[in-house]
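My questions all concern the structure below.
First chain written, first letter: the chains are A, B and C, and each begins at residue 1.
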């Protein structure tokens, strides 16, 4: 899928999304679907929060020693017969993958779900090189045949309904009998299974992402429920793993800690159906498995995040819990965010990867309700990091002029209480008088953003501070002695 | 500090009431309700001259202004035994975010920490610090309670207002669906992204209306103004009040957005 | 400068390190060597009978099915019974695992047993698990001539024999068992943790079994106390 960035148009994207009825229908199921399941899974495991702390600590330790764990991973993966490639940016990662596929004479490649593949826009590049990429995760397959980007990091097609899927299947699977019944999700799944089974068996190369890379053993790990990524890496001649460099964990014990919080946070399962640990190519005597094993480790701007506050973002394990619990995501869906990573994690990661100029909308489009941080298994302080971007934006004078001016005026008064109090009394007194009859305003100058959608209450009258002082004076007069 | 100060004792701690800028300007009755509840809980209440905790600047990325306002806030309030605000959002801003504003300033570190330790949201102060379990108030109606985000997630305010409400004579509480989901206010968010904010508050409004409650309560005026404004725009006859007003027995005054000129119907 | 060098230089610059710091290298070497266990859920540390009961419950909770058999001698008949109950042909493909080879197949004379990896045309596959994990109802499969990985993924029905003595409480215990077999820091090409049958909820979040992997997972737990 192409990686056109529409993040600067977030407001327009959001407006469109809010008016898109099928999308709104699909989004209405996000909260009820995920929130209760995660809560139930967390509830059932008394050690869940202790595991979150453990997972956070493991990643913090890893990131602080990332250079050394990467060296170790590379050495162990090579020892097992694998190849490790480093890519500074997206273009380099695309070239590495394409070269491997070309060398192997690949015609088709099957793909497990990989956000890195989306980030680097791999599919278009492969197609341009005459190699057909076939997404095998059902959700990724659905968006691939529609030419769309994922709208969620674990449920890429969550924005679609079954009628849309049926229409797409009839269009794309034109070789199947037109009279077939596709009215139920079961029949749609069965058709996808049949179609993709052929692709799995025919593919020359399998490309997967990695949920983790284990330094101890040189192992890559993928986690799926469908078994698609697992077939992708087992059947073809070569398995290529795409991983960003923060996927490292030190040991098998460490990854076991994090796996205990991953599925519970994502789907509410105790463990995903398939957790597959791959180390090198097939061994002598193995009856199956790929003949070649490549790991492409992508930086693409992440290493520079290690140096500051944003290091915390690199703990992310892409479970999707933050977006599953986000009121903004629930309202507008993933495409409105305008690039690869939606939701709260997208709001902190996107500006780092595409630049704060283009990404600045996202960290602003948050109510700071804090629910994302509350559920993040890796305890990433997402609101704090969104605020970090707002600070960068403010420092670099990227904040819109009107907002900056308003803030400046307010700040000027607020920092001067002796001016602030009379000024607010004056303004509030006038506003109160104006709104006296109705008690509220349906329209207010300079407050269109508010009154476009809701009424604004008329102030009761004088300020609290002025009224309090008056009351205290009365009390003092009545009692004849000071209270404060 | 006065002689009868006793932070942990039952006798008359001195409480600085931080009314918050919204209560100061829009709805002073919340400030009086808070003062009454604090006095009833045996506190001596004072309202030192104040402006704003700095949250709007903080959330807009303006660290310098925030830092300056925080310093003023601390200077104005640090002599009190406790600082109480009828807002989880403002109390949360101070309690959880002030320390980071002074990082790298050793002169301030201890001072800020001591200050933050005595800052509380109103209902949690009453219940958790003063041990209040009931109030002397009556309210004839069915209320539903919205958990405002900062109070809930930064300060753990959830059970306290409900405990106090359960002691209000005549009051019935009907919980709404997703009471702990954001109302879409988000401070400047609601004017920067009005369409998204509206979509969120529409859901909230529907959840409120679905309870059949005649009154909406919450502990933060910003959220209340947002929800009340939406309910009124949609024509729902739900009254919106700050929880302190009902707890202080002032629930029959005109609700948020109701005309002050004539008495409310109840 | 190679891309590898560029990436490492950038990491080191951001971390403010050279990679030569002895304490950092020691910390990494120690962690790899000692691979400390973290938080182990209490439910992963139960005595045998409760552990097997939990394993069984978690397997069922993951939408798989389970037979608890008293001895390996019962396995062939249990397989035949499973296939019959699902109205499947009396044919199964298995790996060359000695433990499977040693089963008294003559006790299920109607059962046609083939050996080898799957090419996707078999309805039922049989594997022997390296271990089971009680805390999540997971079976642990190791690749190799004995148990081809394709058997775990391609047949519609995956039957897995698990020796009750191999059912561990937690993941960490299994890693130590694997280290005991393969050596420190060495894994076979593929380790599959399998927890229930394949599924997808990608269409309107409706959870459906049998996405790309097996539609059914059937565990044959052998030995140990039964409840």
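FYI, a contact is a pair of C-beta atoms (placed from the backbone, for glycine too) under 8 Å apart; a residue touches a chain by one contact, two chains touch by 3 or more.
Note that the coordinates shown come from a computational prediction; the quantities given were computed from them, not determined experimentally.
**Student:** Examine which chains touch each other and state the graph shape they make (line, ring, star, complete, other).
**Tutor:** Its topology is that of a line.
**Student:** Where the centre of all protein Cα atoms falls, which chain's Cα centre is nearest to that point?
**Tutor:** Central by C-alpha mean position: chain A.
**Student:** Average the CA atoms of each chain to get its centre, and name the chain whose centre is farthest from that of subunit B.
**Tutor:** Taking each chain's C-alpha mean as its centre, the farthest from subunit B is C.
**Student:** Give, as an integer number of Å, the spacing between the C-alpha centres of subunit C and subunit A.
**Tutor:** 30
**Student:** I'd like the Å distance between the centres of subunit B and subunit C, where a centre is the mean of that chain's Cα atoms.
**Tutor:** One centre to the other, that is 53 Å.
**Student:** For subunit A and subunit B, what's the span in angstrom between their mean Cα positions?
**Tutor:** The separation of the two C-alpha centroids amounts to 32 Å.
**Student:** Note which residues of subunit B are touching subunit A in the complex, please.
**Tutor:** 19, 21, 23-32, 35, 44, 46-47, 49-52, 54, 56-63, 65, 68-69, 72, 149-150, 153-154, 178, 181-182, 184-201, 225-226, 228-230, 232-233, 254, 256-261
**Student:** Show me the residue ranges of subunit A that touch subunit C in the complex, using the header's touch definition.
**Tutor:** 26, 29-30, 33, 45-47, 50-51, 54, 58, 61, 64-72, 76, 80, 85-88, 92, 136-139, 142, 155-158, 160-162, 165, 185-186, 188-190, 192-193, 196-197, 200-201, 215-217, 219, 225-228, 230-231, 234-235, 245, 250-254, 256-257, 259-260, 267, 269-283, 285-289, 297, 299, 303-307
**Student:** Help me check something: in the complex, which residues belonging to subunit C touch subunit A?
**Tutor:** Touch residues, subunit C against subunit A: 2-4, 6-8, 10-17, 19, 24-25, 27-28, 31-32, 35-42, 58, 61-62, 95, 116-120, 135-138, 143-145, 148-150, 152-154, 170-172, 175, 185-206, 208, 210-214.
**Student:** Note which residues of subunit A are touching subunit B in the complex, please.
**Tutor:** Per the touch definition, subunit A meets subunit B at residues 11, 14-15, 18, 31, 327-328, 330-332, 364-371, 373-374, 387, 389-395, 399, 403, 407, 410-411, 413-415, 417, 420-421, 424, 427-428, 432, 436-440, 442, 447-450, 452-465, 467-469, 483-484.
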